[in-house]
């Protein structure tokens, strides 16, 4: 079976799931469509099992944060080794309490990828077997890849703020200049006098 | 039940008090960087090994949102410092895709040459450390010695030995220096013979082969399911190489084979498709292919510019793009989202090592502690690439 | 040594050792001197070997190695020892303090005690114990006890793994080693190390290695078994660096670590010396036949140079073997625990058993056929001598020549030149 | 286990030992690959500096030849980690002249990526082959290419020049790198974590722009070019995609170039001044449009 273009895949999915599949975005860089979070698992199962689609490889699973739209979008990149075609899909979640079904049951690769998204974006995946923080310590506060994340300035009393040596030099220069101006009072200008004499 | 036992049972599950819980890492010599494994061992045999990563997390993806598009390039070096060229290239390709710029042909060739040399260097580290983890110390300096030659070549090309920052959005930073091509040819001829010697020294060593044959077998479907890429995937018998299947850059112009695992250790030694030895030997074979690619590229390289016309201030229009390059550790994908500003809205690096680590927990039951070391080495994980 | 001292008392001092009042005193002084000399020798050898091994390893890895302290870096081991001496002696709080402190002494004792019987040359050994080989095998077992104790007492999981591995490994490999060592014992009819040596000859074809196929195979089995007993690569599982960090001595530092270190390198001498004694003709000097020696002894006219030359011959053979062990260490990967066990029980033990039986049967038959003459080394130009020589040529000379040819081809294959002494 | 397999295993083992040991032994007869590091002492004896063995593209310590530095600050902007600090002030002696009072590079922070070298119009900032600069005190790693007591005027590249006279690469840096145990500079602790002081505004830029605009009224193309050129930063940095400021001004004066906000070093001041000049030139009187007030630097995209 030949590789399908994103349009064909999108068409096929819309036929099957109707409203749950959003429109394919304008064919600019990488075209993508949205999946309704409520039917995500169902769609993903179809993606993997349908012989025409056969997306056996979850190439990437990540998220993007959009504070203006109050959304966190989970981005799925699917790839099929059998047909060598690709699909990008997104799930739009509420930013306040992002929650979506885990696709770990479909692709094992989702295990760690979802843990990472949970860690860095705070998205919780229902049905995930082992949803713990992965890159950050368990007691870390906040989700760093969110746009409004504020750095705490350290972790467990260990500061991560360092002196900027260049600023120290700048201050030293300024102090030196001030010192100089204090020590040496401005010399009365003699030049005009000299002119007058001549 | 003693209080201590109750605590252990609560923390690690029932039956845990019968096991020895071993903290392997993060300072263990053969975890290839700072990775921690919580090993549940029953004598020498493991019940499972749970990888704990993140010790080298430098929030590179966040930095990608804080610096300009072109300023992020040196940071990509740090994603995978063993094979930084690929990280450079992946990011450059992604932003080029967003900008709609195509690098000139010479730049494509220079990218291919630098990447393939880097692949040799990276695989040398992989196979060398693997030999060392199995206990053979001498092959490691041999591998690093050859890598030094590659480093010298790359240093002459771009001025750095490890953090290259050679690729630019729209091309590469430098053209080939004078006298570089003959030097490179000399190295390639020498390296071909060194690979033969390497095979005799370690690849065909009986102890080495038997240590790895039939060990931690990953069948093809499992490898795909867990998202393994690159040599790890090919060793499992999946004939898939981005350079062949979706050729990018200058790769359509080159002839090369894609080594696929087929139980290189031999049936009589218990070799199976997708065992540790296949992963090792696929890398050795890939080095040979890389040598041939560099040779072809040096012969075919066209004259011309090595940098496309790209504005100094890179401000791609809004949109998103994903680039996929075949790194030494498999498919590396940069997913870059631009909102039209001079900084990216999101940079995502999808790396091979991260996915490879994910498989260890499910592969480990029944392996021995010495096998875990071999498994980690055979997956060729590099800590910065896991944690980013 | 007692005979030697008696001789001195009788010949030089003109006293009868049986009745002289100071005899026991002389014995005591001589024993102390010998003890000090032997332990010093052991420590010195271990130190020098550690430097030599590092140089050899470096050259094999196309590096240079330690070459700064003293000429060619030969004093590196002193610098290292000094460093270890002044290092803080750390004892982790959860460890069993007494056992932790005691373990290194077991190890060192097990190693030093073997020197009591090891021959260094003609008449040059502390005692001529008639159960010499048996003694060596039993005393080396003390090292395992020390390692096991250190692994347990450290209260570290890595150390425990190392200790247990060491115990399992050494206990297993005692069996093939003990069995195969019976081959030379059967051939010589004695457990005394000097007697075993004297039953062999000076020329290579007079060695037990090339006398019978059993000797030939036995040599390699004993070699492998002793490698395993000495925790040398490919059997360095107890301290497998890439698996167990440093194995049983993970928690040790300072001088206590130095003891383990010293034992590890000193054992190189012990195992090589045992091999030399059993299969390589010991201190036998080529050209000095058994009759020659017997005649000198009968006349009490063993020339002084013979002591020196025999010692030199013995040391040369032992050092050669020690170098082979080093060379193997820097070539091979490490085996896994189960492979180590299966190698022992599936390959070495049955083979050793078969060899012992075969050797016994052969000895019995040749004894039946030739009588006492079977124990006497045949001259080269006799049927037996020629057969031995042919065996030596086929099993020793030809492989060696082929091997060196291959080695030099390796060099020209990569386009390098032979420059053995450059950049030392 | 069949006997043939048993013997086969032994044979394989012996064969691999044979091969492997011949390889390792063969290295005993070759020259080792490692070489003696020619440190400073050795190099002084033999005259063979290790730096000379490095390739010419080697990215070592940065070096700035302030003699040919146009003070365009392109390097400072290109640096992703802000390890370059340049400060430009008005010369108290002659008010029209701007001077560099500071050009510091924190070599300890620098990641040697080479991005600052690329935009430099004259090649004043370069990577040298110097790399031995470990310091006991970290602040000593800051190299000060301009002595704050002796400000340096920016370099005005001659028209049409393609090559610029440069001190032998590495000499300046080598002179600036201190000995490893030299005492730390006296730095005030008060400055910890403080942001650098804002640059002082140089007079009133709008008034200056209006002065220029007066000159532009009724001027011919050549004179307009001159006026426009004066409104730009005059560093010939090339950020506007034109090789020199003159060419950019020519393009704007002839009407070919509609984008008036491409002077990167000049920033908002230049953009505003250019707008005012062009508007005034068209209108015949000094005009300050709201558009001009809002103008800031925008890249040539």
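We call the chains A, B, C and D, going by the order they appear; numbering starts again at 1 in every chain.
Following the convention adopted for this analysis, contacts are C-beta pairs under 8 Å (C-beta built on N, C-alpha and C of every residue); 3 or more make two chains touch, one makes a residue touch a chain.
Computed from a predicted model, the values in this text were never measured in an experiment.
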item: B-D or C-D - the one linked by more C-beta pairs in contact; value: B-D
item: Distance from chain C to chain A - Cα centre to Cα centre, in angstrom; value: 64
item: Gap in Å, rounded to a whole number, between the CA centres of chain D and chain B; value: 33
item: Euclidean distance of C-alpha centroids - chain A vs chain B, Å; value: 23
item: Sites on chain A at which at least two other chains make contact; value: none
item: Touching two or more other chains - residue numbers and ranges from chain D; value: 9, 17, 20, 23-24, 33
item: Two or more partner chains touched - positions in chain C; value: 60-63, 330-332, 410
item: Pairs of chains found to touch, sorted by chain label; value: A-B, A-D, B-C, B-D, C-D
item: Contact footprint of chain A on chain D as seen in their complex; value: 82-83, 85, 87, 101-102, 104, 106, 108-109, 138-139, 141-142, 144, 148, 185-188, 190-197
item: Complex interface listing, chain B residues touching chain A; value: 53-54, 57, 59, 61-62, 65, 97-98, 221-222, 224-227, 238, 240, 245-246, 319-322, 324, 331, 333, 335, 337, 345-346, 348, 350, 354-355, 357-359, 362, 387-388
item: Residues on chain A engaged by chain D in the complex (per definition of touch); value: 161, 163-177
item: Partner chain B, residues of chain A touching it in the complex; value: 28-30, 32, 56-60, 62, 64-65, 75, 77, 81, 84, 88, 107-109, 111-113, 116, 120, 133-137, 144-145, 147
item: Of chain B, residues touching chain D in the complex; value: 67-68, 70-75, 77, 138, 145, 148, 152, 155-160, 163, 165, 173-174, 177, 197, 200-202, 204-207, 268, 311-313, 315, 342
